[in-house]
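Both complexes shown next keep chain A, but they swap its partner, so chain B is in the first and chain C is in the second.
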Partner chain A sequence: MKLAKTYAFLKKDLSVIEDALEETVYANQPVLHEASVQLLKAGGKRLRPIFVLLASKFGEYNLSYIKNVASSLELIHMASLVHDDVIDNSNMRRGKPTVKAKWDNQVAMLTGDYIFAKALQQFTEIQQPRAHQILSDTMIELTMGEIEQIKDKFNIEQNFRTYLRRIKRKTALLISSSCQLGAIVANTDKKTETALYRYGYYMGMSYQIIDDILDFTASEKELGKPAGSDLLQGNITLPVLFAIEDPALHKELSTLFRNPAHIKGETLLPIIAKISSSDAIKRARKVSDMYLQKAYDSLQVLPNNQAKEALENIANYIGNRQI
Partner chain B sequence: MKLAKTYAFLKKDLSVIEDALEETVYANQPVLHEASVQLLKAGGKRLRPIFVLLASKFGEYNLSYIKNVASSLELIHMASLVHDDVIDNSNMRRGKPTVKAKWDNQVAMLTGDYIFAKALQQFTEIQQPRAHQILSDTMIELTMGEIEQIKDKFNIEQNFRTYLRRIKRKTALLISSSCQLGAIVANTDKKTETALYRYGYYMGMSYQIIDDILDFTASEKELGKPAGSDLLQGNITLPVLFAIEDPALHKELSTLFRNPAHIKGETLLPIIAKISSSDAIKRARKVSDMYLQKAYDSLQVLPNNQAKEALENIANYIGNRQI
Partner chain C sequence: MKYIEVINHYNDQIKESIKQVYLQQHLEQPQIEEHKIVALHLLAQTTKNHENLVLTTMLVQIALNTHDQISTQYEDNINSTQQQLTVLAGDYYSGIYYHLLANSNDLSLISVLADGINEMTQEKMHVYYNDYHTIKSFLDDFEKIESKLVIKIANFVNKDDASPYISKWLMYKRIEFELVQLSKNHHTFFHQLLKETVQNIHDSNQIENSLILCLEILENELLKLKSDKWMDILDKDLDIYPIHDKQKNWKIMLEEGLSQ
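Let's turn to the complex of A and B:
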């Protein structure tokens, strides 16, 4: 099933968001403008706006108000990706050169700052004080997740808890906030808001785990960047944590990681192949499935409607996506 | 006259802000915490909080409310300094190693992101929607100023307008916003708010011009970083623009700047000496004085009180400061 089909009824509204995004990133400064537009056009699934809109469907759905939250969250996501590429020294994303590759780290840093500021400007339209608190809390956690990612690089002694806390901060909270903020700006009742928040959180966890699996199992063409990029950058993800329960692999990786500067793509190829073909992938997928199930379960208190069905379908898609 | 004496009556309130800052930057993550605390302890004049408090004195002065704006603006200033050091590749600030020097560019970028997010969290306490709009607009302009600084580096063909627009964005608007937001959160009338905004804008322009002059005239010990750092980094400031009206110096600098990568501190020493001893310094000071006069004039519509006197004294101090 195509993802887009599950929320086809939002097509018109999503194009309103897309227009808002284009209008927002417009910069009266050539470099910032070009870099921002490149980021926007690079695409992405616009998952966060979709979650905002779907969550709002459980309350008073007022697109001209809600769109400010939807575009704001997508901009925050975009800004964090640009800064992320600086941290990970990534040259490709979604098959296109990153801002830091096309310009440099400094331009990438400022483009991120600019898009963050634009996101906030958009968000000033929102009246509910709680929404502002949730947004800033989320941004703080997001930054903490990124710094943990740096700190934990090449450290294979980290445990599952460290990994889960990191992806919670780095990915899941922005998705749960998208759902929660969608509920808040539509004035849903508290029970609905909590259910949507939970759904988003579990979805986000599952989403990131699948992402981490695909980095091993998908091809370079599918990923839009070299396969095994995470490990090359020293990011220890769930499949790695499972795989290095094997003492031989643990030793092999720990020897290699003693000199991170010397690691090249080719050196890691045999290890990546071992991880890809080990049961680590299956075990990681099981953890993802557990989160997915929880995401489904969270929805059960909600009334049956088109939005609920779409949220279920998205969970289904995310859980089985090949890319 | 000591600067601190002019606002001695705020001493208690400023220590409340200082406590709020310390509390705010607390991070449940060792690297972020250490980097943020280092930034905070590196000091600074806390000019922005001082402007917020003084502006609030013209309305309903409620410290427990106002302090959120005061600390928020200082945090935004701090965050922009960390990112600025990445852009300028600066290793020293106020006589201490910068975050990017002590850690690296990536940690500096994330520390800035974290402090930005903390500033926003603090600002969510503020109820007035206009205050939020002003804050986000200021942050956008701030970023534009920084990117212009990158773009205009080593470009000696830029004109005075380019320079003035850049320092407006980079420095003056955050100071004018400090004054304006102080007025807004104290519910002053519109006339008072406009006067304070103007004062801040002109003060900010003068402040940055003096800063740019001091980079040539002050010693390394006074600056807490090598003298002539701006030119070494390719930042063309007002004294340079005046000095290169001399065709010989224009030619000399343009030849050097053709290979920015080859420029070393020693190569620039004779040029820095020429600029320091030329009338460019005097002429730049005249422009600063013009802005200072406008800052004074803006205050004249305000009632005479302790706060007004302090604002006048600060203008006087800034205009004559040797560091």
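Let's turn to the complex of A and C:
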């Protein structure tokens, strides 16, 4: 099933969010405006707004209020991506030139700061202090996750727990917060809020693990960036952690990582091939499935409705992304 | 409290708020623009939660200044770690500002500062894409960037009357700050911007000369505002950034030349 079909009943509401996004990033300064709109038009699944809307369906669904959360979270996600491209020195994202590639690093930094500020301005329409505490905690954790990622680069002695903690901060928390904030602004009961938070957290963990697997198994065309990019950047993801349990591969990678400055894409190709064909992919997939199962389980306490069905379908879609 | 005590007090608070071991190991402590602490303190001292107001505004300023350090050309080598962490440090400091205000339930200040960031990024982009024939026209535009957050706070605490004087005073102090950096051979974003956007400014000597000229211009502009009550509150000669003797002498020489 196509992802969009699972939440087709939100189509009208999502188009309201899309308008809100475009309106929010409007800038008088032409370059800033163009860079922000380019990011917006680059697409993306709008997963965070979708999670906000679906979570809100379990409470008092007031779109004109909820849209402030949905669009702010997407903007925060976008702002972090534009800064990430400076960090990773990436020229392409989703098959299109990044802001830093089309203009330069300074424009990318300013665009990220601008979008972040616009997101916060929009979010202050929400007058519930707890919502702000959750979002601000999430944003700090998100940055901490990125700092941890740099700290752990080219370090093959890191363990499973380090990896999980990192992807929790880097990806899962913004998704779990999207679900939780959707619940909070719709004034759901505490039990519903917790269930949605957990669902988002487990989904986020599964989503990132699958992203990390796809980095080895998908083609450049599918990824919109060269396969094996994570490893080239020195990021040790779950497939790598499993694969280097093989002492020979551990030794090979450890030798290469001693001189990170000299690593080129082609040097890594044989290692990428070994990881792709090892059982590491299957084992990583199993961990992702465990998180997915937990995501399904979290939904059990919720009443049966269209939103619950959509959340289950999204989990299903995430779990079956082409590996 | 004497201004030096005010500066030390907030310097300590800022450093405590942004403490992060890994960033501290790899990056220099961010530059704190102490003249802005003084201005913010004087504007906010009679308001409730004034400490939070000064602290969070300074955190936003530091976050944006940190991002200014990202060079246009990416250094494609392993030392880029410092550049990567600089991006994240700015994001981290922004996160702390939001975190502090969210936890003190100060939603209106979150919005005011976010509005300040939004306007400041637009002003910065305007300056980057401009080509200035004179230092004066550059100065006029840069003053908007320099004073943006403090003026937002002046409006927030209903002291709009302070804006014209404070704006010039901040720019005056900023130039003194930049002259001090130059004498220490620290090349800043401001120096880079001067070289990139103002015609006939290409090296450190020219930057120094043009900054001294800027001080002269601003001194005259501040004098024109002599009836302003803020002139008595914020002294132009407040000795926050002691500029180099050579630079002072240069100013005197200029004046002597004029008198002859």
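To be clear about the criterion, the second predicted complex is superposed on the first by the 322 of 323 C-alpha atoms of A that agree within 3 Å, B and C clash if a C-alpha of one lies under 4 Å from a C-alpha of the other, contacts with A are read in each partner's own complex, and residues count from 1 in each chain.
We adopt the following convention: a residue touches a chain if its C-beta (ideal position, glycine included) is under 8 Å from a C-beta of that chain, and two chains touch if they have at least 3 such contacts.
Here the structure is a predicted model, which is why all the values come from computation and not from measurement.
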- [ ] Return fit or clash for chain B versus chain C, each positioned on chain A through the superposition.
- [x] clash
TODO: Give one of first, second, both or neither to describe whether A:Ile147 is in contact with chain B, with chain C, with both, or with none.
DONE: both
TODO: Answer with first, second, both or neither: which of chain B and chain C does A:Met139 touch in the superposed model?
DONE: both
- [ ] Pick one for A:Asn305: touches chain B only (first), chain C only (second), both, or neither.
- [x] neither
TODO: Name the contact category of A:Gln127: first (chain B only), second (chain C only), both, or neither.
DONE: both
TODO: Based on the superposed arrangement, let me know which partner A:Asn28 touches: chain B (first), chain C (second), both, or neither?
DONE: both
Open item on the list: After the superposition on A, what does A:Ala261 contact: first (chain B), second (chain C), both or neither?
Closed with: second
Task: chain B and chain C contact sites that coincide on chain A, given as residue numbers - done: 27-29, 31-32, 83, 86-87, 105-107, 109-110, 112-114, 116-118, 120-121, 124, 127, 129, 132-133, 135-137, 139-140, 142-144, 146-147, 150-151
- [ ] Name, in rising order, each residue of chain B that touches chain A in their complex.
- [x] 27-32, 83, 86-87, 105-107, 109-110, 112-114, 116-118, 120-121, 123-124, 127, 129, 132-133, 135-137, 139-140, 142-144, 146-148, 150-151
TODO: Enumerate the contact residues on chain A facing chain C in the complex.
DONE: 27-29, 31-32, 80, 83, 86-87, 89, 100, 104-107, 109-114, 116-118, 120-121, 124, 127, 129, 132-133, 135-137, 139-140, 142-144, 146-147, 150-151, 153, 260-261
- [ ] Could you please specify the touching residues of chain C with respect to chain A in the complex?
- [x] 20, 22-23, 63-64, 67-68, 70-74, 76-78, 80-81, 83-85, 87-88, 90-92, 94-96, 98-99, 101-103, 105, 107-108, 110-111, 114-115, 117-118, 121-122, 124-126, 128-129
